[in-house]
Each structure stands twice: as structure tokens, then as C-alpha cells.
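Here is the structure we will look at.
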Amino acid sequence: MKIVVCVKQVPDSAAAIVVEDGKVNWGDAPIVINPWDEYAVEAALQLTEKYGGDVVALSMGGDKAKEALKHALAMGCSEAILINDPELAEMDASGAAKVLAAGIQKVGDVEMAIFGKQAIDNDTGVTPAMTARVLGWPMISLISAVENIADGSIKAKRFMEEGNQIFESKLPAVASIVKDYSDPRYPSFMGIRKASRAEIPNLTAGDLGISKPENKVKWFGVDNPPVRDITNEKIEGETPEEIAANLVSKIMEEKVL
Amino acid sequence: MAKILVFIDQYKGEAGMASWEALLAGKMLADKLGGGLSAVIVGSGVEALANTAFHYGAEEVFLADDVSLADYRAEAYALGLAKATEAADPEVVLFPTTTRGRELAAMLAIDTDSGVLVDATEMDVEDGAVVATRPIYAGKVIAKVKCEAKPQIITLRARAFGKPEADESLSGNITKLDGLMAEADIATKVLDTEMVEGGVSLTDANVIVSGGRGVSNNAGLEVPGDITDEKEIEIWKATQGFGLIQELADVLDAAVGASRAAVDANYISYAHQVGQTGKTVAPDLYIACGISGAIQHMAGMRSSKVLVAINKDGDAPVFKEARYGVVGDLFDVLPAITAEFKKQLGK
Amino acid sequence: MDFQLSEEHRMAQKMVRDFAAKEVIPVIQEWDSKQEMAPHFLPRMGELGIMGINIPVKYGGQGFDYITLGLVCEELEYADSSLRVVMSVHMGLNSMAVLQWGTEDQKQRFLVPQAKGEKVAAFGLTEPDAGSDVAAMTATAVKDGNEYILNGEKMWISLATKADHTLVVCRTDMNADKPTSGMTAFMVENARDGVTSGDIHGKLGVRAGSTGWVNMQDVRIPEENRIGEEGEGFKISMSCLDNGRYTVAAGATGLIKASLDASVKYAQERKTFGVQIAEHQLIQQKIAHMHRDHEMAQLLYLKAGWKKNLGERNTRETSLAKWFATEASFNAASEAVQIHGAYGYSDEYPVERFLRNSKGAVIYEGTNEIHQLVQAAYAFGWRKDRPLRKELPAFDPDVWQE
């Protein structure tokens, strides 16, 4: 079974992010693999460990995106591909989905394309479903466990607000993975060595046989969220009961209940 | 004439408040853009919901009602939605930012060769098009975006567009859609569904009471003798702490939230996690208990109207953003607060 | 000259940092206050390959270089000194000695399971009455046919009760011209009859680590467990210290960084006189000192590691790195407590643990007084390093990774 896992490079979730001169700035915070994508890589690796096959990590972006791919390789993916073409820079989610779909098709014979739930930078969470639609594959989102894969179909459990759905779906399919699946492994030292020596091929739009998809979403710019004028007030009292009485009175005055 | 189409996110015949909020936001847009307001409902035996949609302001409902749509399956729902979009020819399609809403909006964007503005918290109209404000980087940054294709597809953050009110005197027309997917053509079969235990949903909640790692931090608690393993003791203590949180939540009809640290320590399930890798919430009242206030957590709840922090550590960062702060042990303070709310709310 | 770490170095560093952040830092305070080693630390470090990081792949290790060992130690001690101590004894003082001095048979029997983390290794040189004064040692080994019979007690032994293999140094020749030339090194399996061990409690620092004693009562071990030649024990133990001290230096560097990071964070949270205490110049001075010391300590250990990679003798550089880094880490932790004020004095914040942990390293693996004498002796030209019969092998990626 061949699985493509799509990964993205993002600023660390602990970064203090501010907008300066109209640009998002994360200071010297490290750029890391999107935390959700680590779950996707883990799921892909576990599936191939159980059912055989290879995991190909796929990303798009500049040279920086190689770090996310190297992380995926160090975790155990057997191959990594970077779609790296200035022509394809600054794309919206639907554009990214079209390019990723072309990348997945370029890999060939893919039975599953796995994504993290969403990227913690732009927070759209729509790329997996868009990619599925471009490919014409079923979208099986928010998978928390896979029961079985056999005869070109997958039996798995997915998350919904109301509970979990246990379903069977035909492959190939696009899946997204949630945290409950399994904690992602650390890269192994052997994997690190392999990853640090790996030459990651760069694919261009030409290699994929596509031209730049037209952006549908226009960005007017980014800004810092409005500063909230918060008056901090410490609630004090001699006893827990007194503190509680003071606090509850204050909350009641806010008229939020 | 349909200018605005709103997707009603139903499950087993019930739709959450977020869908009605989307109708309210749609009404606002329809007033500005001068078009009508339609809704689309996809499911099986969901015609009754159309009436509720009318009560919340829809003038017309497109109904994709078929037994093949009894369970949620993305591709079947996406086709129903595409049919409705084709029939309604809207300028704007709105979705609540729910799991299904997000996914179907994405699929519709590809089907209509358009794009999606995800999780908008504000919408303005400029030159006949919607300019949406959406938080990125978990709300650390906001972006203004516009969809330059038709239809403009936008998903809306829960609780960001006001409180809808039903008017039972309203009614409208139902247009039934056909050409839906035959069961045999649907690649996904649902075998079973495990419903989660009741409780108030985090994203819809008016009030959230949340616990962090500090919830297990009570040296005074007497641990039953049969628990000896360190980790089990810690979890037992955390369970007591979350028990106190649940009691307060029950009194306030609140949802129970948690920090990532608490979830990672296995104190409570991931479904309760608030923050950058959990849920983004915006209740009117957020009570953070034993939560230090890591940047990732704050990002997920900073839009709460009133933030109350209870923490032993007076220097915890959470106090900087809190309207009201209590420096103290939650094991002492929480029961007193619960009792006091009971008294003042007459419960 | 190139000050850049390789991608491999940075990825290994990040992996250990993530492990420590996720599995150690959240729980370390509890274990420290219980004065016990968390039971999952050693197995996890073994599983992840940390315990064989710089041992060749063919001997069960991960095949990384000596610089990576330093980076790993820095990241581990950033979380807690007890984890770095594991690397000091298991790797620096024991496994690397087997790599340097051991026969192929000994490498197969001892090094392979140690590098895989299946067996834990310790080092026994110090005795109740013989610390810096190694010559005062009283433990003995007497040849009896194909065996040696060992007697004596080793004290202040890290991992004493956790180890499967302990490298001990005993006197074999009571009539040697110099006591140091009558010492021999042996690998003792702790499971052998006559070996007992226990933990020492009530330590000032490294409370989440295991430190204890190992007693040998007529312990019979085969001749094949002798490391090096008879009479070579002192030289071997000194070469062990070149490696142990290297891990101590790198670890202390991590402790400086931990003190710095905690202080930077706190100074921007805590307010006095209406401003963040970071605004006060005397706080800024402390932060500047910590940063300077971190940078210097790191450069010193990396240079020692670089010399190890080349297969060059590094006794002088390693001693300097150890002396500087441990002293600087004691100062940094002390200043971190000062910055935290009364809070720093309580266990609500980790800095009091940093301070307690930092003191040990100023004492063990050569007190800092000894290191100053060593440095002076080099400067005067009184001390010269003579070639050893077997040197620590230079790092050769082809050999290490075959």
C-alpha cells in the first residue's frame, strides 16, 4: 500500500506571533512541522507497518518546507517530495489542493492521502476535503482509529461533534487524522541520519503538468487582534465563602448569565 | 432571486444554534446585498427542520431529503449541497464552522470552482462583495479576506454573529431536490455510531468552566489506600478536581473545558481541549481553574467576554488576561463558588 | 573554522529536547521531591537510543559523533541533572571505556547490550575514604587461577542500584612503586554473588537520580572481565574521566540555559514598583551574565567534542570545559533563584532545584579545585599528556555506521 502524507511547515505553536509592517512575524521562534501533521505521519507509518507498503511525505513551499519533510523522513517515511516552484507561491487553499492533488497523482498508485486536521498557521482546515474533491476520492475526515484495511477498503472510526462514526469506505481515499489516533513517535536517531542525508527532489508546476491555479481568496492583509482593555481585579476575602460571595456578585453584575 | 444560501447543519434531524446564527448572519447580508435568504437542508426525514429554518428567517428551503442521507457521508451530502447551489444560484453560501460545515464548504468550493473564507468572525459588504474577518494563528492574528469567485463561500464562527430568535409566524416555500446519489454509488457505508454522553457542547456554550494541570495539585486530598501507583494517584486527584468543575458547570449549564496539559496528562478526554490544538471558544463567561495560561490555551479562549481565573500561583500569566482573578486553591474555592451561585441563582 | 552544527546534530538535539519537554519536565518536580528516579526514564532513554547515542552501530549504538553526545547531555540536563548523570556514568565513564580499552569479546558482551539500553552501566572508583586522593583506595582484587576475587566498597556511585554492569577499579599490586601503578579495572556484573548495593538518601541535589554504594564481598569474576592490562587501572580511570567530565561540562551548559530561560520568563512576568522586573538594570546584568556563560560553556565543550571526533587527546580542554561550565551553572542557578526572589526559594519554581542540582558537579569528576591545579600545571608546562596504549577512537562515520 502506498500512502502519501501531506505535511506543512509552520511557526511553533508556542511562538508569540505579532503583525509588524503588515506581515506576520514570529520572532526567532522555531519553524516546525505542523503539529497536526505529526499525527498524520504517525498514522501513515502505523498503517504501513501493519499492512505493508511505503509512506511518501509530500509538501509544497520553499526550501524551508524541507525541514517538515525531513522530520517526516526521520520519523520513518521512506521518501519525501517537495513541490517547490516560485510560480506556485502564495496560493489559497483551493489552489494548494489542486497542486497537492497533482502531486499525489504524480506519485502514482496511491491508496490513501493522509493530512493533519488543519495547519496551525492559516487555520483553514479545508485543504484535505478540497484535495479529496479534486481527486474525486471519498473524504474520510477526523479519523481516530483504523480497524482494518482489506480488499481496497478501509474500516475506521471518525470523530463528529455528536459522537463517533464507524464506517467503511472504498480506497483510494483522502483521510485526516485527529489526536486520539496515537501520539506521534519521536524521530529515531537512525531516521535522523537518513533524513539529514536525504536529497529531497523539487518538483515544479511543469513536472506536475499543471499551471498555477487561480486564487479565489483575496487577502487584504493581516493585523493584530484589537487590544482588549482588560481591567484585572483580584477578588479577595478571608474565607473561601467570602471570596466566592464577592466573585459571584461581580459576575452577576456583568449580566453574562 | 436567492442571493444568500445558508447550510443548515443537521444531525439526525436536529440542528444546533450555530446554524440559526448563520441564518441570522445571512439575513444581515441579504439586507445589505438586497437579495433573499434561502436555506439548504440535507438529510433523511428532515422536512420538519424546514419550518424551524423559516422561523429563523429563511424565505425558502432547498431540501435534499433521501434515506441515503440518513447518515452523514461527505460525498453524498456534497452532492445534495451542490444541487441546492445550482438551483438557488446564490451570491453567497454560508455555513456554520462545524466539522461538517467546514468540510462541505471545502467540497462546494471545488465543485463550483470557488474558494472558502473559513471561520469568519465579522462580515462587511464592500462593492457588493463580502469582506470577512477571520482569525489565523489561533487568533493571534486577524486577516481580512474576500472570495473573488461566485458563489462566495463563507463559514461562520459560532457565537460571533448575535443571538437568533425564532418567529413562529414565519413560513416559506420548500423546493425538493432530486438527482441525489444512489446508495450503490456512495463509496462510504456507516456501520455504527457511538454517541458521546450528553453535556453542553464547548463551541455552543454560553459558559465554560475549564481545568488545567493544577486540578490534580492538592496535597491535602486523602487518596484511597488501594491506589498506590503515582500516576493513578495523580489521575484520581485530577478526577476529584474535575468533579468540582463539573458541579459548578451543572449549576451554570456550562460546558467543561480543559487545557492541553490536562488532556496530555490523561485527566480528561481530548474532546474537552480548548486552545490552539483543541477547540476555539468564545463564551460569555470562561472560568479557568488551575490553568496557568499558556499562549496556546489563551489563543483558544481569548474572545470570551468575561474571563475568571482561579490559580494558586498569583504570577500565572492567565491573570493578565483575566477580568477577575482569585489567587487560591481551587479545591477550597470552587465548592464555595458553586454554593454561592446556587444561592444567587436560586437553584 | 565552522561554528555551524550539522543538520544531523540539530535534529538529534531537537529530538532529545522534545523527549525531555514532553516526558521529563512535566513530572520531574514530583520525583525530585520523592527522592526517587522515575521508573520510566531509563527504559525510555534506552528505547529511544539515547543510551547508545555515540557508540558505533555495529556495537548496538546509534553511530553518532561525540559532539552529539554533548548536545544530548545539554538537552537532558536542561530538564534535570539526573538524566545527564545517566549519560555520564553509563556512557562517559563506562561504555566509552569499553569502546576505548575493551577487547572485541568485551565489546560484544558488555558494550552491545549497554548501547542498546538493555543493560545499565555504572562506574566505581570513589571509596568512602578515597575521592580526589585516588591512591588511598583500599578495594582489592586477588588473582585466583582464571579468576579474580574482589573485595571492597565503592561510594557515591551513580546508578549503583540500577546498574547491571559496574566498571570498578581495585588494587591488584599492593607492593607497586606508586599506588597508582598497582590498580586494575574490572567489569563486574552486579548480579554476581557477593555484590550488594544501596541508595544514599538526603542528598542536597540530583534527588531524582540514584546515587549509592556498591559493596563487593569475595566476588569472583573471570579473567575475561578485566578491562585493559593489570596495573593499567589508574590510566583507564583517568581516560574515563576525560569522557565523564565532557558529559558533565555539556550538561552544566544545559543547566545554565535552563536557569537563563526560567529567569527571562519570570523577569517578564513579575512586576515590582509598577514595572516588569526585566526593566531593572541589575536584573538585566544577571541575564547578560547567564547568556555569556551559556555561550562560553557551549563553545568550550563543543571544542572538546570536536577534538574527540578527531581522535586527539582532550584532557586539558575537557577539564577546562568542566571547570568553567559547572562553576558557571552554579552561579547561574544561584542568580536565577535571586531573580525569582522568595518564589525562587520555594519549589513552586524549578530554579531552587537547579541550584541544588548544580552543586554536585562542582565536586564530582574532579573537584573544581583539582581542575584549577590541572589547568595551572598545563600552563606551567609541568603536565604533559603521554600517548596511551589505546586511545579513544576518532569518530569515523563509515566505521561508526557500518
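Each chain gets a letter, A, B and C, in the order it is written, and its residues are counted from 1.
In this section, contacts are C-beta pairs under 8 Å (C-beta built on N, C-alpha and C of every residue); 3 or more make two chains touch, one makes a residue touch a chain.
Bear in mind that the values here come from a model prediction, so they are computed numbers and not experimental data.
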| item | value |
| --- | --- |
| Chain whose Cα centroid lies at the greatest distance from that of chain C | B |
| Central subunit by CA centre of mass proxy | A |
| Pair exhibiting more inter-chain C-beta contacts, A-C or B-C | A-C |
| Centroid distance [mean C-alpha coordinates] between chain B and chain A, Å | 20 |
| Distance between the centres, which are taken as Cα means, of chain C and chain A, whole angstrom | 40 |
| Approximate Å spacing (C-alpha centroids) for the pair chain B, chain C | 52 |
| Chain C residues within the chain B interface of the complex | 22, 26, 30, 266, 269-270, 343, 348 |
| Residue ranges of chain A in contact with chain B within the complex | 11, 13-19, 24, 35-36, 92-94, 97, 120-130, 132-134, 138-142, 155, 157, 159-170, 173, 178-180, 215-225, 228, 230-235, 239-241, 243-245, 247-252, 254, 256-257 |
| Contact footprint of chain A on chain B as seen in their complex | 11-12, 16, 71-75, 78, 98-100, 102-107, 109-111, 113-119, 131, 134-149, 187-196, 201, 203, 206-207, 252, 270, 276-277, 284-285, 294-296, 302, 305-308, 319-328, 332-333, 335-337, 339-341, 344-345 |
| Touching residues on chain A, where the partner in the complex is chain C | 70-71, 74, 186-190, 192-193, 195-197 |
| Footprint of chain A on chain C - complex, ascending | 6-8, 11-12, 15, 18-19, 48-49, 53, 62-64, 401 |
